[in-house]
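Several structures are given next for inspection.
Presented sequentially are two complexes of chain A, the first with chain B as partner and the second with chain C.
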Partner chain A sequence: MSFINYSAREINCKIVFYGPGLGGKTTNLQYIYKKTNPESKGKMISLATESERTLFFDFLPLALGTIKGFKVRFHLYTVPGQVFYDASRKLILKGVDGVVFVADSQAERLEANIESVENLRKNLQEQGYSLDGLPFVVQYNKRDLPSAVSVEELNQTLNPKGAPFFEAVAPQGRGVFETLKEIAKQVILQIKKGS
Partner chain B sequence: MSAICPKCQNVLQLEQIPLRKDVQMTCAVCQAALRVSLVVGLDSAPTAGAASGSRPSSPALNEKRVMAAVEGEASNEMIREVLTTEGFEWVTVGPGQDIMTRLEKERPAVLIVDVGFPEIHGFEIAELIRKRSDLKEIGVILLASIYDKTRYKREPDSLYGADDYVERHHIQDQLLSKIHRILGTRSRPIPETAPPTETVRTAAEPPPQSPIRTATATQPRSSGPSEPAMTLDGVFEDLLEKEGKTTVEKAPAEDLKKPPPKPKRVEDPAAHETAKRLARIIISDIALYNQRAIEEGIRNGTFYEVLHEEIDEGKKLYESRVPSAIVVSTDYYREAIDDFIEKRKAEMQRRA
Partner chain C sequence: MPDPGLIMYEEEFKQIDAELHRLHQQANAKVAFLVDKNGQLIASVGETENLDTTSLASLTAGNIAATGGMAKLLGEKDFSVLFHEGERDNIHISLIGRVILVVIFDQRSSLGLVRLRVKKSAEMLAQILQRILQKVEQTKAPSGAGGPGKEQPKSPFAEITEDDIEKLFG
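Now for the complex of A and B:
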């Protein structure tokens, strides 16, 4: 749930980029960080190992504006995608307001995508959330690689409920801001509904 | 009027100009049975299709022309340099232009196309080209990005009708050989005379229908415009009141930095198939992050030694999530690793 600080008149929302290992979650955040107005962003924290995998998370705060006099800040997190780091993922999902699932479009990562989306659903349930009730966007990344599976097939497998989805090539920024805008829009609407 | 035999390149003199009907004849040099038909108004040289030729000839392609539908100045410049030093004529088609229309007009021997071309994916173009009788002889090379030159690389399962692919960082050292290989393996007739206003084509089989110039409809991609917005300003005007103050946040709470606890044992009733899948995913993850060690281990037969830490870590995870009855009865984890080694070994041998 979004954290509202009444004395500071701030609303803090947590968006988690979830998905299989090396699927492009960190690259999404890096691109957003690189291209966002310096006045709107805080310091990006990235905790990775030497081999560049995200060990715990990346974190990027973004300020978007105000709702009813409250500043709205988005905290973007990534999770370590490897199947090994389930405990970290659970921890990072605590208090989540919206999820972006970054899928790796390559055919050979289809099983890892399926495992990851099932893992997301399960980890949310354990914390009393339902994926179907949360703001949720799917991003099909790595569309420029030759073994990319068709979007139709990916949607059937990973997104049967028909959440908004975007194709992306994260290092080039294609689809990155479209994804972010969609999830931010859904989160804000949710907050407005709640208020 | 003359035509060229595609089999032996002999110039055939035609006494009669075929108008609407095809004419059967035999090449005086190689004895190939040929069918000659007239194609009016095409900007290409007379060519012929041999009886033994597998595909009937379309209006000839320009063997020295290569078209690039590639994003990014740096990549285009690199391609231009590589092609022009080898004497190829280089033409480009940029985002917003209809690639199929340009192919009809330019008739290049080879098209190099970005897999992630903005309006239409490279492999979709390859599929469209293969469906067109007048364009299907064009060699197609997909230009792919790669995220990590050393660790993150796999062979694609399908090229969707393209002849080959080249990764962006291999343009300089691989592109030319791939083009030559395509040109060398194609039994495409080579035009030898100046383009006439009338073209005679011969073919052993009934000729294809005249090229049908149809507009190519391309679906807009769901990701919207190719250039992403650079800021979030203006996106939420209806939802937010604007405020442009700088905000700097602190790092998240310390508890997030703690090492992950060991995974708990999960009793999963989905049994054997789930166990197999988990084993495959674990080895897939190990492979993804240890590409060099994987190849070294396979090459030297030391896979289990080189990767023993990762394999042990994966085994612990596997055993923690698979019902113990299955763990004891069948070692799907080991099977998945052995299967992976076999497949990767075969892939490495193919590449070598």
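Now for the complex of A and C:
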């Protein structure tokens, strides 16, 4: 959960990008890294296999600015999407303040999306969280691909509770910052609520 | 229930900083730092100018989380101490409740000395952290009971507006 440091006048929040393998979670972080001013970002760390599949997590620290005199830092993490890395996914969800679910819009990945969102729910529950009580944003990635399923259908299947959602083409940056902004907003409002 | 968010106050931060300075000096270490289990850096002392402490904090927490997962598979509660030996620098990592103490040292010190000093500092740090938790509880109690709580310090975040958030993204 968020870490508020009155001495350093900082708020630190943890945002996790979740979703099926090869859905574009790492690409989201890479785009954010590429487009953020050097003074606002730290080093991006990717613990990946030799074939660039996420093995443990990607990590990107961002310091976007100040609110009420407090520097607001977001620590962005991705989880490894491949099914068999479930133990690692659980660890990364510890202390999460907000979740972005990066769905792969392609029809052939619908099953993988459903499995991943169920996995997210289950893993959060194990930690004592509920997806419905947590800042949550859905991103429908790969909208440019020909087999992309309609957003209505994706919403029905993956987002029945109607969380804010964005269409995206992550390598080109479409929808990436919109998603980040929405989850950041929800996380900060949650801190406000808890204060 | 998940852990409540960690809050650090000025007074306890100074105490933690002083304890880390003492440890850094007595263990002859290069760097000593304290990290929340979720990967947030709490405080650091020593030769940190050329060190990416934010990344180190996140990786340390990942490391502790991964070995913690291994421990559970073996029926252990936790592995409370980790040690990584390098050609020049070594890292000693120890778990103190919900925080992690990390000491980086080279040939000017030794594992034995670091272990000894870490053990002493861990007790002190655990006490300080306990005091923080008590303080957080006390601060939260009045509003939880439904009353306005007259001595409760006002949170600076209670008045955050959508405008403040918009400004973050320029």
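FYI, the second predicted complex is superposed on the first by the 195 of 195 C-alpha atoms of A that agree within 3 Å, B and C clash if a C-alpha of one lies under 4 Å from a C-alpha of the other, contacts with A are read in each partner's own complex, and residues count from 1 in each chain.
The rule is simple: a contact is a pair of C-beta atoms (placed from the backbone, for glycine too) under 8 Å apart; a residue touches a chain by one contact, two chains touch by 3 or more.
Everything numeric here is computed off the predicted structure, so don't read it as measured data.
In the overlay built on the shared chain, the residue A:Gln127 is in contact with chain C alone; chain B does not reach it. Of the two partner chains placed by the overlay, only chain C lies in contact with A:Ser7; chain B stays clear of it. In the superposition on chain A, A:Gly95 contacts chain C only, with no contact to chain B.
Within the superposed three-chain arrangement, the count of touched residues of chain A is higher for B, of the candidates chain B and chain C. Look at A:Gly194: by the touch rule set out above, it reaches chain C but stays clear of chain B. With both structures placed on the common chain, the touch criterion links A:Ile183 to neither chain B nor chain C. In the superposition on chain A, A:Lys43 makes contact with both chain B and chain C. Of the two partner chains placed by the overlay, neither chain B nor chain C lies in contact with A:Val79.
In the superposition on chain A, contact is made by A:Ala87 with both chain B and chain C. Once chain A of one complex is fitted onto chain A of the other, the partner contacts of A:Ile15 are absent, as it touches neither chain B nor chain C.
On chain A, the surface touched by chain B in one complex and the surface touched by chain C in the other have residues 42-43, 45, 47, 56-57, 59, 61, 64-65, 67, 72, 75, 77, 87-88, 91-92, 177, 181, 184-185, 188-189, 192 in common. Residues of chain A that touch chain B in their complex: 20-22, 24, 27, 35-43, 45, 47, 51-53, 56-57, 59, 61-67, 71-73, 75, 77, 82-88, 91-92, 106-109, 111-112, 115, 142-148, 151, 165-169, 171-178, 180-181, 184-185, 188-189, 192. Considering their complex, residues 71, 114-116, 118, 121, 123, 142, 144-148, 151-152, 154-160, 162, 165, 221-224, 226, 228-233, 235-236, 239-249, 251-252, 255-257, 260-263, 277-278, 280-282, 284-285, 288-290, 313-314, 317 of chain B touch chain A. The touching residues of chain C, when paired with chain A in their complex, are 1-10, 13-14, 36-40, 42, 52, 54-55, 58-59, 62, 65-66, 68-69, 155-160, 162, 164-165, 167-170. Remark: chain A residues 1-8, 11-12, 14, 42-43, 45, 47, 56-57, 59, 61, 64-65, 67-70, 72, 75, 77, 87-88, 90-92, 94-95, 127-129, 177, 181, 184-185, 188-189, 191-192, 194-195 touch chain C in the complex.
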